[in-house]
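Read the structure below first, then the notes.
Read from first to last, the chains carry the letters A, B, C, D, E and F; within each, the first residue is number 1.
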Amino acid sequence: MPIVSVKMAKGRSLEQKRKLTKAITDSLVSVLDVRPEWVSVLIEEYERDNWSTGGELHIDKFGPGCGKQAK
Amino acid sequence: MPIVSVKMAKGRSLEQKRKLTKAITDSLVSVLDVRPEWVSVLIEEYERDNWSTGGELHIDKFGPGCGKQAK
Amino acid sequence: MPIVSVKMAKGRSLEQKRKLTKAITDSLVSVLDVRPEWVSVLIEEYERDNWSTGGELHIDKFGPGCGKQAK
Amino acid sequence: MPIVSVKMAKGRSLEQKRKLTKAITDSLVSVLDVRPEWVSVLIEEYERDNWSTGGELHIDKFGPGCGKQAK
Amino acid sequence: MPIVSVKMAKGRSLEQKRKLTKAITDSLVSVLDVRPEWVSVLIEEYERDNWSTGGELHIDKFGPGCGKQAK
Amino acid sequence: MPIVSVKMAKGRSLEQKRKLTKAITDSLVSVLDVRPEWVSVLIEEYERDNWSTGGELHIDKFGPGCGKQAK
């Protein structure tokens, strides 16, 4: 019954979410010897003013957006 | 000081949230011998494109909505 | 597919855990109109030196134990 | 690599979020002897109809808003 | 800076944990276009008396152990 | 009613936990204008074989221990 939660910046496409949850589920199925229908993957999206690293909000550090292209 | 979090699909009514948090609090009070004012219940609502089971997003598997009627 | 997590002090009996997870599941089934087999309840137990309220660790505030009797 | 998450009522300003994440990061750096860039702080904001204490939703108990002034 | 947490039954080997965290990290790198060093994966292990489905504790439902072989 | 959770490597002393939870509580009180008794801080300790960065378990990357001295 594994439950995976992915915390990440808001802004990914529906297609990326499809691929991501499928890939994570496949990893658990192959490594943990569990059935796909037992695996739940939850995505938790964060605005960049709700995430800091090194004491600095990502909205200030990277501006809006997500992933590498925001750099 | 128990803290309960309920992760569920978005779409429940205010009245359902009232009933749910009351019922959960009552369960903890009676089973754990704690006082009601010590119990916090937090509801975390998910869009169906942020939740997958069996590697498939619920928006694709069940369409929009929540609970049984979405089937 | 609701997922409930209960964070509480370590020390409850297996029987209390049975009753608690059953009562919480029943609450969700009746209020949210979902099936019992969709509901997961996870218990996360904390030592009292890992929980503070008002800036004071519970091990210092209440001593060892859990629930009311620890007062 | 400590990860801190702060669950709180929605409504704080960007400036409060800057100060809060900076202050929390500084606390971890000084007490845990870690580097600032290792510390992530995530803010999770809740509407008052998604948070209950003592079995009562905060929207009913305190009305809208956040912090002391909402009383 | 994505953060992934995997909640699962206790009992997997160190080697399985190595493979699992590597496979999950690779999935995020390829699908989300982020760098490996930005990705944290945290494993949260549960005893079977702390996890219920359908209102029944897994220790009662499946006995001790984890994954398929516990059936 | 803010709730803070700190996820970190296992191994800190009771005294460090006292200082950390006090400092975090003070930060929330001063920045968010809330009362100390409303603030809960929960510490979640991880073994190094349950935490990976860049696809590598910290037990392999840093060996046992916690904080800077483990490097």
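The rule is simple: contacts are C-beta pairs under 8 Å (C-beta built on N, C-alpha and C of every residue); 3 or more make two chains touch, one makes a residue touch a chain.
It should be emphasised that the depicted structure is a prediction, and the values quoted were computed from it without experimental measurement.
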| item | value |
| --- | --- |
| Copy-to-copy rotation for chain A and chain F - C-alpha atoms, rounded to a multiple of 5° | 180 |
| D-F or D-E - the one linked by more C-beta pairs in contact | D-F |
| Inter-chain centre distance, chain B versus chain F - centres from mean C-alpha coordinates, in Å | 27 |
| Separation of mean Cα positions, chain D and chain A [Å, integer] | 21 |
| Of all residues in chain F, the ones touching two or more other chains | 1, 3, 7, 40, 42, 51, 53 |
| Pairwise touch network: line, ring, star, complete, or other | other |
| Touching pairs among all chains present in the structure | A-B, A-C, A-D, A-E, B-C, B-D, B-F, C-E, C-F, D-E, D-F, E-F |
| Residues on chain F engaged by chain D in the complex (per definition of touch) | 1-9, 12, 16, 19-20, 23-24, 27-28, 30-35, 51, 53, 58, 66-69 |
| Footprint of chain A on chain C - complex, ascending | 1, 3, 40, 42 |
| Residue ranges of chain A touching chain D (in the complex, touch as defined) | 7, 46, 49-57, 59-60 |
| Chain F-facing residues of chain E, complex | 14, 17-18, 21-22, 25-26, 36-37, 39-45 |
